[in-house]
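There are two complexes below, and they share subunit A, which is joined by subunit B in the first and by subunit C in the second.
Moving on, here comes the complex of A and B:
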């Protein structure tokens, strides 16, 4: 464990900027977002969390897959894989974990998504522990925690004027090369321990019985009830660090164009509408159920883990205050009449 | 890292109007590059994403069979943006194909068994692939009796009319064509596919049934097959959920915990019985 003075952050970032695309939390209006910074001063590390997760650095809201030019008798294709080296600074532990979940989707046994994976392999994640979890945070219910280093390369723990730096991977260590940082002494380690102890997530969600319910409750009346309030706006899925659904479209003029992918969401009716007009998920009920089932059942069936990290963004962004923690509890408690 | 999103360029070598209502056209493609053709090794029941550059891509089941090397054939109904653009493409146009995608009909399981292939409307595409594959001299001996029941609303809406005529003359396939209502000059069966299936009553002994068609047809045909003694493990269906990526990533086509694109599109009734009916 090393020590980094807070007043060294700017110079450290400035040192990284020529070699990497450096992303950090930046204040924009009344919220924070991850942006590529041109100078170390832009980074704001005393923030709660970004409105949109850093997922968008590796899996952008909109990106070109390839461009083409149609010629007589053929077509020229140019792939648009981004091979630049990146560092993301200030990643919260929950968001770091989300990358491990996205890896399961985009780095499959059968197919690999070269756009995500190339960026992923070229990106170093510098985490920032959460001294004061927000009221909406519930990472500890999902085997995470405000100081979990899972998925990170470095983890910073804020102990006042300094960060205690936990070196998690070799890649992380390389980022600090040339910094000659002192090893953290007894006192700093004590301070870090105190900070970690006092950081608690106020809500604990009991997920114990949820999967058993979801295995049998597809036809439960609870879904109609839960979906009643939902507007289908998809704010929850757009701000979710684990949602990975996308659309693919062509944008073209004349003989040239690009194939583009854009974030999409299971909360939209057009998402599943067949060409014939038939829709397997015709109403909000089916779509709300899909969102919950995907995260807490299907993902578990396929990858052995829940696709939620407890970042609480969906709770913050829902215009009708649908709180996923309460939804989970209601589902767990409902019924019992089916088995 | 192989990029699964990039299509191989193909040339449209044949574009024919397949049905009298002009709604279904068939397209035959040839790969521009030999390496792409070599890499495209497929089996009946698989599909591909076909793209019209500038308009987008759509999934279509291969109507051609691997026993017809050098070409890929699709039959496409005009329903929206991409399919309408396809219908406008003149022969000689350059398009893109990526695949093959999805699983296929379980040919290994079918080996040595009798097969009852039941199709309705324009969903006959991959069934043509399967039938053509089985009828190939190299393969015919691997399978038992072959019964094909194929229905359309009227004679003009049957796909592949020339080939059907050819199959009718063969002794190693029992082809039954039917139309919904009597029509001038039609001397074969009249009636909906489920009713005709009941009448033909193919034996379920040592047999698999493969069913593709509009949802209503499937809904009423399955009970008939069950009555004939086909267990759900030996009733094979192909699903068509809306798709984009075709590789299990865009999250669009799932039925429960299965992706139709990657884990399907071919499922047995027994498998579907364990999944929610979201298709």
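Moving on, here comes the complex of A and C:
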């Protein structure tokens, strides 16, 4: 474990910027978001969390897969794989965990996504532990924690004027080369322990009976009731660090164009609308059920883990205050007498 | 507020018990401070879940289109005006709707609260006598309610329901013309065209195309939104295309001309905090100036685009 003074952060980031694309939390309007920074001073590390999760660095809202041009001899294709080296600074442990979940989808046994994977392999994640989890945070209910180093290369623990730096991987260690950071002494380690102990997630969500219910409640009338106030927007899915559905379109003009991948959301009617006009998820009920099922049942069936990290973003961004914690509770309770 | 909550519960309970309606749409306590959440009540004893507060920020008219059952809705001024427009557009059957009107003192803008707290987390809040007490882990602050209300509420000319079957509570005074200056709004008219463009591009560079604005709007009910249309594709699907984000919002707002009551529901729904009110307020103002029409105040008056054009 090493020690980094807070006033060294700017110079450290400035050192990284020529060699990497460096992303850090930046204030945009009323919220924070991860942006590529040109100078270390732009990074703001005393933030709660970003409104849009850092997944957009590896899985952008919109990205060109390839471009094409029709010429007399045939079609000219240009691949658009992003091979730049990146560092993301200030990643919260919940978001770090989300990358491990996204890996299962984009780097699975059946499918390997070169666009995501190339970025992923070229990206170093520098985490920032959460001294004060928000009231909407529930990472500990999903086997995460405010100081979990899972999925990170480095983890910073804020102990006042300094960060205690936990070196998790070799890649992380490389980022600090040339910094000559001192090893954390007894006092600093003690301070870090105290910070970790006082960081409590006050919200606990009981997920014990949920999967059991979801295995059998596909036709339960509860779905219509739960979905009733849902407006059918994508505020929850687009601010979710684990949602990963996308749509592919061609944007072309004349003889050239690009194939583009955009985020898509199961909450939109268009998501499952067939060319025939038939829609297997015709109303908000089916679409809302899909979102919950995908996170808490299908993902578990496919990969053995829940596709939620407890970051609480969907709770904060839902325009009708449809709270995932209450949804989980209601589904679980609806089956209480049958277990 | 407590009296209004009691009156709403009582009214809803009675309507359900007497089988006058099958459903009451209103607000329940939310899961976050200063937040209420839309709720759907079907059994008389559940009426006790209904509340009234400064977090009843959604326009409930969005839930009323083409419902099969007879229902009641708790409507503040702006909700009632959207209901009027929806009736005129044949989206609501007046015979099947009981409007429980509630005079509105404005709703609290949680973004203003967050700005005030500058990063500190709000854990509890209480509104009393025009003052809001905000509490967090290591702080407690008292702020004037007026400072925290939505801009659209501060300038609201119709806080009282314009159409109702039952009116609960005392009517509240409408805001005067001078209220606009109090709202601290962006002074749109004072901007040069290039500044307007720059402002909109900066705001809509944050747009993620989640369409929360469209979904929260009672008047956005096209069978197929032009933004979803693929043949022809009117605009890029990519939210990184800021010009098309502006194009989407501009067309959406223009499409609402003469129908939008400037309730602010779209602005509140935006998870990215984009100032959409600047567009809707300009548009409603223009409709008033050009056509002399205020949306949602009268069932009889024809909407400007449906009325014959006078060339005199």
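Definition applied: the second predicted complex is superposed on the first by the 333 of 339 C-alpha atoms of A that agree within 3 Å, B and C clash if a C-alpha of one lies under 4 Å from a C-alpha of the other, contacts with A are read in each partner's own complex, and residues count from 1 in each chain.
We adopt the following convention: a residue touches a chain if its C-beta (ideal position, glycine included) is under 8 Å from a C-beta of that chain, and two chains touch if they have at least 3 such contacts.
Since we're looking at a predicted model, the values are computed, not measured.
Q: Should A:207 be classified as contacting the first partner (subunit B), the second (subunit C), both, or neither?
A: Neither partner.
Q: For A:326, decide between first (touching subunit B), second (touching subunit C), both and neither.
A: second
Q: Tell me which partner A:108 touches in the superposition: subunit B (first), subunit C (second), both or neither.
A: first
Q: Between subunit B (first) and subunit C (second), which does A:247 come into contact with in this model arrangement: first, second, both, or neither?
A: After superposition on chain A, A:247 lies in contact with both partners, subunit B and subunit C.
Q: Under the contact definition given at the top, report the residues of subunit A touching subunit B in one complex and subunit C in the other.
A: Overlap of subunit B and subunit C footprints on subunit A: residues 247, 249.
Q: Under the stated contact criterion, what part of subunit A meets subunit C in this complex?
A: 28-31, 33, 46-48, 51-52, 60-62, 132, 134-136, 225, 228-229, 231-235, 237-239, 247, 249, 251, 260, 262-263, 265, 268, 270, 315-317, 319-323, 325-326
Q: Which residues of subunit A touch subunit B in the complex?
A: Touching subunit B: residues 65-66, 68, 70, 73-75, 77, 79, 81, 105-106, 108, 110-114, 117-118, 218, 243-250, 252, 255, 257, 259, 261, 264, 266, 271-276, 278, 280-281, 286, 290, 293-294, 297-298, 301-302 of subunit A.
Q: Using the touch rule from the top, collect the residues of subunit B that touch subunit A in their complex.
A: 1-7, 9, 11, 32, 51, 53-58, 77, 79-80, 83, 94, 96, 215, 240-242, 244-245, 247-257, 262, 276, 278-279
Q: Can you tell me which positions in subunit C touch subunit A when the two form their complex?
A: Per the touch definition, subunit C meets subunit A at residues 30-32, 35-40, 58, 62-63, 111, 114-115, 119, 121, 123, 137, 203, 206, 208-212, 214-216, 228, 230, 233, 236-241, 268-274.
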